[in-house]
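Note that chain A is present in both complexes that follow, paired respectively with chain B and with chain C.
On to the complex of A and B.
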């Protein structure tokens, strides 16, 4: 500022009506607007003229949908106004079109939509709300973030009718005991096979200080190598570990849940007598030798009776079994000599078969309850129409991936299945005890990213970091297959 | 109340049928293996099904240790397994109907006879099962003479027997309930409860008396060594327990004979004592005495031992007088004439006989104990036999049979691999020497003492020299005939 200027002189530098004069800047701005509009019009005409295509896309499709990259109408509907004088689309029509497009491949049910309150039914539930595509090739469309779930699950009472499942908590906002609660399906063991996990984990499957340990030589000959540890001879004790009976497998309920749950390792193979029990617990008819077969497991009793009859008769014919009337003996008795054989060794009386059958049933009852070994129960089991005696899945409302946790010691989650030094001897069976850890075994690792690692976890993965996502979708699936009630 | 088809897997009629099936099934299990509860009290028997798991004693034969397939092998090969079912065959039916003619027309009476007279030995049964008036199930008979008959009622030791400190002879203390099958005396005792009989053991009456023999049951002539050899082993034949049996056949035979005599004397005493309180118990009990003393041929030409030739039979065996238990007493030199006379019913009453029998039983019990610790010289036994036979032929079939058994044991102890003693001598002792002869009766009528004497001397003389030297025992059992 010059020292000699007055205030009036300074104000006169700018004309007082300067805003009434259109200068170059004005004309430049207008030109740009017109040019922009023209360009937009030309681009719109070009897009409309060429059918839109990628010009309307917000980004590349995920790799799973890449084949539709240039075929927008597979998912999208041409603009169709409600009426000739209306410039508005019908939301229901639009959503249903997109959903129908998705369901051409992904035939899934809605997620309890029938339970939603009226207000929530009007909320847009287009598939793309959770599975937004056009986010790039590497986009994981199943990666649904927790807030999408907690929209409803933070307070179900405001979203659903009162007719909702009692096992689902009303307010879940975090994965911890307080908010999420413990796993409801682990409250009781529906299994009906009597079994003692601890005893089977002991060397020789006997309690310390007990006799009668199982040795390799006592196993079925064809199964010895399956159970023999490195360097073991036939007289060494059979030592089992979890993998002796529990092998990775796909989801046994794969027919009612989405693909992906069938991945090897996500679940464990169902326990089967023939694969997991028979090496030690074969069903032996009287006189069974190494050269003869055991009786089949879970066959109708009429069939077992017939097999028993033929096996006993066969062993008598071979001379390895004796008829009741056979009093032959290797050393002659003074006066009586060597005795005499039975006239017809192939005759096995009904009483013999009946008693052998009942003796077999007593063996069955060591593991089964009486209701499970009736002919009716056996036949329905063979037909696959009965509930498995051992649950194929334990976490009925969530999924678990054993393979993902393979580096962990099984004892971390299944401590009760192992021998306990404080316990002098095993209980007769533990089939009513759930041996799967609760949510407290999950939350130390599956925690919010900003929560520090709890103490005592450093050895869990040999010093590696233990943080794991606490996303809802790690364990839960939103959809079911069509017609399947979760 | 409505049944919700979505919640219930079977319709109501099906459900009712299922419940009934279950009830029948469960009750059949308890009836068939109904050793658990009898008369409101828990039975001491647990039943053989309790042992039959493949990881316990029901494994495949010849797989793993012997204990693992003991029951499987026993079921297939041991004649005791089928002993109960024998009671349903035609021979048994003939015996029962001979005992009780009404049994021919009444299944109830038939079963009553089996319960009262037979199942105590032919099955593993409790006293209440023997006394019951109910029909006899095939299932009870099919138990046979199973584990707990020889090893003792298992409820008292079932849990203990799997403990690693369940070792040694302390297992056989009376309070454990486990019976001794490992010592020679113990194993003999197990057999003798039925193969001689008892009216006291286990609260059961196991008395195979003259009535049963007359009805057709074979007479009992138990020999521990032979019976043990004939029993299909469901134990470890190479184990230390069997070494005592393999070490000396003479010891086993001597212990067995002393034990048998002790048991026979005890049974005679029990019969006499029971007769005093219950006149329905036969006394004199003729099965206590030598069958062939009375059952001789009525043909004069075949009457081998007339009473006039008393000097041929110092023990008066087979001379028409009822001599007490010839099978057990032949050659038992410690059995005094006084005791033998005390056991003869023509000389003594029931009360005195009960006391005398008790003394004899105790005496031979002690002798069995002594023999189990003794050492035996097979060579001297053979020499004694040869000496006796060179003097005279055996007086009767009993003496010949015992001489044969002694020689058989001695030859076994000499480990002579080429012995043909059995092949040479045993056929001469057969009751039915003509294989084509179908006779109902067991009679040594065709036994020829002179033929036997010659064959025995030939066999003992032609036998290769013994290759095992056995230290002479302080007490060597002999086959001498003077009491």
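On to the complex of A and C.
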């Protein structure tokens, strides 16, 4: 370039219309826009066209619902919120749809819905509040966190009508004596069977050194093996422990059935005379022999009377019992001879039966009060319409799982059922005393995760950690079976 | 868009409301989650609010496109658009994450979130490089020119070098043997115009200067041979495998050239060395330019995809709420 060039020539060192030229950046931008539009558009069309499935799911369904993973309409209705926390324009129909969707398979009743205020009725109705799905395959839909319970129970006066139960505390926000309170069901003992736990836990069921100790040979022959300890002979003393009478069972209470409450081990079998008492306390008629069948337990007195009558007559026929005026002797007595037999040995008078019945009643009253052994009481008990003499469930508002606590020594919660010096001279009062520990026996282990282990618990589980969840659902169930009132 | 003290008022005017919006929505969400005892989902009142705000921001961000297409209408100064685009875009991602309830969900929301995160990251990357690289170029690349004109300017530089050599040395023997018609018009002159470094304050730049040329005919063969060697580099930069492509090797190469030529050729050699240095700066500029601008097509493409999928997400989320 010569020095004499013009300004125009100099300006041409840059193309004056350079900005009109579209370089690679422009074409790359166009390509990216087209690629974005096409790819996203095709994918969107695919999603809408296929109707959702895993493309729309906010997360995998829990394993129990996996069969309709790709069938959204099983639960969802178009433009009707189902999620527990969804904002709803028409809440009543939306929540009702949710409940209907769940009730297709899960028929359970609500939770005191008749006592709830209108807004909270819908909370009760909205299954998804507590059972939110789409949280992953391993999500336990029944694992309900405490805040979901305390949203109502922290102040029931805001949630319920004035007709709510006075038994349930208005404000419960955590599991301790102060907030939760002690177990209301354990305030009094509704039992009506006289039973001395202490005495039965002693070897031979008598105080040490006393006469009349029960040996294995004194048990019903067919039941001896049930109570014989390893290495015991027939002359050894019978030694009982808790499991001799208490075996694991599901919820034995027919009146209250809580969802999921019938699993084996949650409760103990109801005490049954035939299973748990009769080996020692069989109801024997007079003149009993080894072959004599015991009388039935809890039979109407008319039936017992008839059985006694036939047994007495039978015994007379066998010669092991005498008639009232039978003074026959096997050898002649001087001046009297062999005596004279009764005229009709097969007839047992009513007076004779009454005497036998009274003897039987003495046996009954050893464990029962007089009101419990009337014909009426026995008939209602047999019909299952009366209150059991021993409660089937002691914690009536919650669930206690004996199986889960089987590694613990029973006396941790039932200390009063064991022999101790304080009880040695007292009359048996087990039917007046609740022998179950209160909330103070639960809270040392069932505590918030961030609370340290209290002193003295280290031996409870042989040195293992003692922390256990304090979740409400561990003991309480929200639902009942359909039609069952709590 | 630059973020520096000169722009404080502009950025504060948008950053503060955006931060307040984020804090308010997040606090509302946190409050509802604490009450529920878990992180509530996108369908909850607070989750939905966060989602609506995030979605509205995404749509607003996309308005930058029509605004640019309709720039002749002068719809609010671009700096306000950019500041709003920047700060609202920054808070949109946290809002979207809160809206999700901190989990990705199915393939559609996951794809949408992944694309959105990529678009957000590309935008933040663009913001960072635009605040760093231009300043660096201003101080380190004084020979910088218009990116699209690098090849053109390089061609003119080669012409300048040829003119300079012709003025100083005349034609080489090889050129004299070739047909004159094949060569461009060469005008013998004692002065030439070359690019030279000028500094004004802290800023330096390449300017055109007229320099006198001394007679270096005795070194004509050496200079023309040197020019022939560096010409491919001057035209196409680092693609040419020549010693002068590397700064250190170039310095040694030109030192040897000076020692092979007389002192009268020094000015010519200095100019040739300056031209090589300019070409190396052009190469660096090309690399930096790619770092500086190539994020934008991806940012736009991702944003377009996000907007389309956002529409699908809104429709399907409402349908299967």
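Please note the rule applied: the second predicted complex is superposed on the first by the 396 of 486 C-alpha atoms of A that agree within 3 Å, B and C clash if a C-alpha of one lies under 4 Å from a C-alpha of the other, contacts with A are read in each partner's own complex, and residues count from 1 in each chain.
The criterion applied here is as follows: a contact is a pair of C-beta atoms (placed from the backbone, for glycine too) under 8 Å apart; a residue touches a chain by one contact, two chains touch by 3 or more.
It should be emphasised that the depicted structure is a prediction, and the values quoted were computed from it without experimental measurement.
Shared-chain residue A:43: touches chain C; no touch with chain B. Touch criterion met: A:221 reaches chain B, while chain C stays clear of it. Once the two complexes are laid over each other on the shared chain, residue contacts for A:333 go to chain B alone; chain C is not touched.
Of the two partner chains placed by superposition, only chain C is touched by A:14; chain B is not.
Legend: residue contacts after superposition of the two complexes on their common chain; A:209 is shown touching chain B, with no touch to chain C. When the shared chain is aligned, chain B comes close enough to touch A:354, but chain C does not.
Within the superposed three-chain model, A:272 lies out of touch with both chain B and chain C [touch as defined at top]. Of the two partner chains, chain C is the only one that A:147 touches; chain B does not reach it. The contact surfaces that chain B and chain C form on chain A in the two complexes do not overlap at any residue.
Interface residues of chain B, counted against chain A in their complex, comprise 9, 18, 21-22, 25-26, 28-29, 32-33, 47-50, 52-56, 58-65, 67-68, 72-73, 75-79, 81-83, 85-86, 88-89, 138-139, 141-143, 161-166, 218, 221, 223, 226, 229-230, 397, 401, 404-405, 422, 426-427, 429-432, 442, 444.
Residue ranges on chain A touching chain C, taken from their complex, read 1-5, 10, 13-15, 18, 21, 23, 25, 28-29, 31-33, 35-37, 39-41, 43-44, 47-48, 52-59, 72, 76, 78-83, 85-87, 132, 134, 145-148, 151. Residues 32, 35-38, 40-45, 47-48, 103, 105-109, 111, 115, 145-149, 152-153, 156, 159-160, 163, 167, 187, 189, 191-193, 208, 210, 293-294, 296-298, 300-309, 311-312, 315-321 of chain C touch chain A in their complex.
Residue ranges of chain A in contact with chain B, taken from their complex: 205-206, 209-212, 214-215, 217-218, 220-221, 280-284, 286-290, 292, 294, 315, 320-327, 329-337, 349-352, 354-355, 358-359, 361-363, 365-366, 370-371, 373-374, 376, 386.
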